[in-house]
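Before anything else, here's the structure in question.
The first chain written gets the first letter, and so on, giving A, B, C and D; residue counts start at 1 in each chain.
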Amino acid sequence: MNFSSDNWAGAAPQIINALADEAGRYGGAYGSSDTDARVEKRFCEIFDRDVAMFLVGTGTAANGLALAAVSRPGGVVLCHTDSHMEVDECGAIALQADGARLRLIAGDNGKMQPENLRAAIDAFPVGQVHAGQLTAVSLTQVSEAGTVYTIDHIRALSDIAHEHGLAVHMDGARFANALVHLGATPAEMTWKAGIDLLSFGGTKNGCISAEALVMFNPDLATQLPYLRMRAGHLFSKSRFLSAQFDAYLADGLWLGLAANANAMADRLRVGLEASNRARLAWPTPANEVFAIFTTEQARQLRAAGAAFYEWNFSGKDTLGLLDGEDVFRLVASFATSADDIDRFLDIVAE
Amino acid sequence: MNFSSDNWAGAAPQIINALADEAGRYGGAYGSSDTDARVEKRFCEIFDRDVAMFLVGTGTAANGLALAAVSRPGGVVLCHTDSHMEVDECGAIALQADGARLRLIAGDNGKMQPENLRAAIDAFPVGQVHAGQLTAVSLTQVSEAGTVYTIDHIRALSDIAHEHGLAVHMDGARFANALVHLGATPAEMTWKAGIDLLSFGGTKNGCISAEALVMFNPDLATQLPYLRMRAGHLFSKSRFLSAQFDAYLADGLWLGLAANANAMADRLRVGLEASNRARLAWPTPANEVFAIFTTEQARQLRAAGAAFYEWNFSGKDTLGLLDGEDVFRLVASFATSADDIDRFLDIVAE
Amino acid sequence: MNFSSDNWAGAAPQIINALADEAGRYGGAYGSSDTDARVEKRFCEIFDRDVAMFLVGTGTAANGLALAAVSRPGGVVLCHTDSHMEVDECGAIALQADGARLRLIAGDNGKMQPENLRAAIDAFPVGQVHAGQLTAVSLTQVSEAGTVYTIDHIRALSDIAHEHGLAVHMDGARFANALVHLGATPAEMTWKAGIDLLSFGGTKNGCISAEALVMFNPDLATQLPYLRMRAGHLFSKSRFLSAQFDAYLADGLWLGLAANANAMADRLRVGLEASNRARLAWPTPANEVFAIFTTEQARQLRAAGAAFYEWNFSGKDTLGLLDGEDVFRLVASFATSADDIDRFLDIVAE
Amino acid sequence: MNFSSDNWAGAAPQIINALADEAGRYGGAYGSSDTDARVEKRFCEIFDRDVAMFLVGTGTAANGLALAAVSRPGGVVLCHTDSHMEVDECGAIALQADGARLRLIAGDNGKMQPENLRAAIDAFPVGQVHAGQLTAVSLTQVSEAGTVYTIDHIRALSDIAHEHGLAVHMDGARFANALVHLGATPAEMTWKAGIDLLSFGGTKNGCISAEALVMFNPDLATQLPYLRMRAGHLFSKSRFLSAQFDAYLADGLWLGLAANANAMADRLRVGLEASNRARLAWPTPANEVFAIFTTEQARQLRAAGAAFYEWNFSGKDTLGLLDGEDVFRLVASFATSADDIDRFLDIVAE
């Protein structure tokens, strides 16, 4: 009953098998192996177009390098108040992107709204040197609140960004979970909706460490080899990152793993709502559940062996929490079983 | 007959087994798992004292963060002209260490000499604000020329550095190969000889990606958690890095793998010298061989299936190369077999 | 009738005389002249204690270097939403302070309130590496809304900051105007109220370019010589910056110049309120007036020769502006005369 | 007899008069005044073509921003071993130019030679990501050794740079002294010889603080407004920088001031050679003299009231200094008189 995070789960057997297979042979360093070439081609197929793809070790690296690719001096990136890159990445964007700043946009349920995006852009008139210059808009899919942007919503935001010459970045640490929920193709959820830069995550969905920066506009990619190298994110045995993605993307493994995570979260949501012992903080459709427990309830659940985190976010005070209540996040992963969920629901019911 | 580099080899089976084992269970993210704790303890044992240890994905990251830990504004690091961090890391030190510069020190066979180190230090009088301020000396063990610093040599350099308040960093991408050659303990080759900061490499010696920044002075470590996080080098599933080191350091695996690499390089050196068909550019005692071939010879060896690189370095013009000759690097690894060497020598002999 | 900004005014004759006097002699470069030494001593007298003092060319440089002095990796500075360093300095803090971020705190009338400061600090639990680490709180005196923090208010904020080990910085671009309004001593408004770092501005109050970073804790100053040099803000003919401050601080010139600016702004406020033709957006006690005009009124005033800017700030939508109204800033300076004000009021009255 | 440096001299009266004149009126802040516009036009006239021009406070700022304008990730600038930006600017280039590194090129008498430049470029094959990428070549005119590049020499270097797509920067802290020596036009010594970016210094030649970054390719200038602002080098009362240049460039003042400095240095050289009491370290044609004195001689000269510095540089050990001898730099400025020189020569003769 470990719902701490999808990065507490281990790794899918297919991923380990691919590593074992790769371990037995020589291969070109720094991305020059056959495995690397095969995975690059696979990404083009998955996204139904030519893409530039750069493997890195963490999502934080992918985010930082994505925004470095569009960086300009005095640069500013617009993102949600609760965005991972603001709240959880220790200034990584500024490091990689020549001191770029994040300007935060509030929004319910972890999502920016078009009108708020427009207002934020208006604070940076072109050529007003004191304010600095906008370079990009970044949105997170699945959002930090566990919600999922619809494709129309993504398109509305990216249309505004493009009107002003800004690149659009998607932090897709849980890309597969969002995709499975929407039933969309990777192309539809990204470049067809205006996404220019994508942090494509595999780690949270069954890999051990496999993240890719995907660039739909090859013109943006010219500096990436240098940005990645100086960041220490060009792996000498890069083919072991590629091997993970090779297995991950083969035969729909990635979608299957995400489908399990989403289904388990759904089982948990349905069960909690039926229990009358807890309510959901807000609706979430992917692999995360945000539940309101009393702290006493949380203590008991943990004592019974369940693991999960209290959750902090902007706007917590608008939820109408009662005295003694708090919001807790429960995350299902590729490794979560129906039995995990049912045992947890049993304890809740007690 | 792949002598391109030790990072072209795959991975040792024990490393893969450890990953497979880890994959099957849940564990704390971001370094909070039992495996992480066990490996931290193991490093203290290996080095025979308390150390602070930080896992990262690449040696470039370890080097950059090591020097960031001792960074000050206008900071300057002294290192050899051919040092990896100058020649092969695309400015990584400047990125991580707030714009730190490298001031290069020439020296035969990839080694700095004490008198040159003193002269370099003299160019930075304390308090002379225009020059900037020295922060550290960095040496590479095994050096970029395949040579190994003796422990007395290390101590001579670190004594000078410490006289001037400078930290001493060792880039130990091939730490195990040097250690096996010297027959020293890890403590003797590092903190007992004055090393303050160590980039401890596992990747080149049979891991898939496992590097550790080891700090012998815990006072230097206070900022490291933040430096690593913002660099995107705190892995969410950090325990898969730990699992590699757990196996690597168990039962002397690491020393055995390095001993094989060194022995195979030795077999190659002996064979080449006996062949009268090629000479060594300079003597090297660890797992690298620098040989002088004619370019026609090199072409033929490659045509026959051997893989290796031409090598560039400062002072190449002092070697007295004849017309048509060049220097080539041949690297043995944990995976190199006596058969690989013997087949290569047979081709040389033909 | 130029109320555009106090940096549109020229310079006081005493300042120019001091430059002329300095021009006629040789003197040590890079801050080593007698004039430099005399001004350093003067700052200690003015602040009634030993201070470290660093001259720079602009307030943006002083702010950036102040926060660089207390910088740590992943560092975060807390400041008001409308603070100059966020809105008007093009990312200068990140550049100087190793990528430091600003976390914004809302507050009426340009001021942070203690409870909001506490809440902001709570978002950065010590040792939570993802969030980064707080390093400082920065407040602006006179604030960007033209208001002045009371000494008790400053002390309340700095007490909270110091509880959490954070440095307290004051952006004092209009230091003299605030001081004259409060009738306090420089010591009372700064270190006696908990200020650790001060950007002390002379440019807006009659100098041509004279800004000083004043550090009340000499321990914070050790890196400043290097930080300033690499920023290009150590002037070779530094003594011409010193000469300006020498004259500025002699015989109370600086306080007299600020007193005139404040008095002229007061004359304007009183006149506007009496006119019944415009209202004040909010009360301001120093040398700035924020008035609500209709855009038609503003057009007419400008056509009649008055110069001033429309003003943007957070919370503008809470002012209850009527259709066609906007907020305009009018700044009085050392050079503003009663005649300037009276002519303007006459036009308003028409 | 102050030959310490040309930045120990005061300022020309015409410069002070221009400041006094500017002080008496209002004018647009941040470069928007009539004086600013007039000086921009003047630079275009002086250089006989359209240029983009950016005023800053110091030469270090101009150099840093020039190289920031052409910066790319992992960027490397080629310059002479003794170049000011390496030896005397405390890492300013790395700060402004996103961590750019300097790769040093040795050369006699402070000058890079074409063959050495070619060899340095060869170490950075295009697309070799580990090495980083070259962005620019920077030369200093007058060089740090007091020598002057001929126009053909400049063109030879810039042709090589342009072949490889590198920008060419000239650090012209003593631009006027070189120009007067060569008898060339500003256009001939810069863009007609292949210079793309120029740090144009006024401070050492009679201004109090006036430096300009001049860009001959307007495409390179697009980011400069932001780079300068975030560096804290956009002065609010920018027109006082402009006023200095306005006077400096009027009626050939700048050339006259430099001609005096050069003539006085020549008088000193001739006198020293005739004295048989000292010899010149190497020939210099502009306003600096590098003389070999015994340290006892230097002590006596200083005791008699002369001021000058011992000089350190690469290659000092090739000069054949006798025991007890050292190299000293004597700088003449716009303010040096024939009487200063003659008194000094009298003391030497004694």
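In this section, a residue touches a chain if its C-beta (ideal position, glycine included) is under 8 Å from a C-beta of that chain, and two chains touch if they have at least 3 such contacts.
A quick note: this is a predicted structure, and the numbers were derived from the prediction, not measured.
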item	value
Superposition of subunit B upon subunit D: rotation angle, C-alpha, nearest 5 degrees	180
Farthest chain (mean CA position) relative to subunit A	D
Winner on C-beta contact pairs when A-C is weighed against C-D	C-D
Chain centre separation (subunit A, subunit C; CA means) in Å	41
Chain centre separation (subunit C, subunit D; CA means) in Å	34
Numbers and ranges of subunit C residues touching at least 2 other chains	73-74, 89-91, 94-95, 99, 129-130, 132, 226, 229-230, 234
Complex contacts: residues of subunit A adjacent to subunit B	2, 4-5, 7-13, 15-16, 19-20, 22-29, 56-62, 64, 89-92, 94-96, 203-204, 208-209, 226, 229-237, 240-241, 335
For the subunit D and subunit B complex, residues of the former touching the latter	73-76, 87-91, 94-95, 99-102, 104, 123, 129-132, 312
Residues on subunit C engaged by subunit B in the complex (per definition of touch)	30, 68, 72-74, 98-99, 127, 129-130, 132-133, 223, 225-227, 229-230, 234
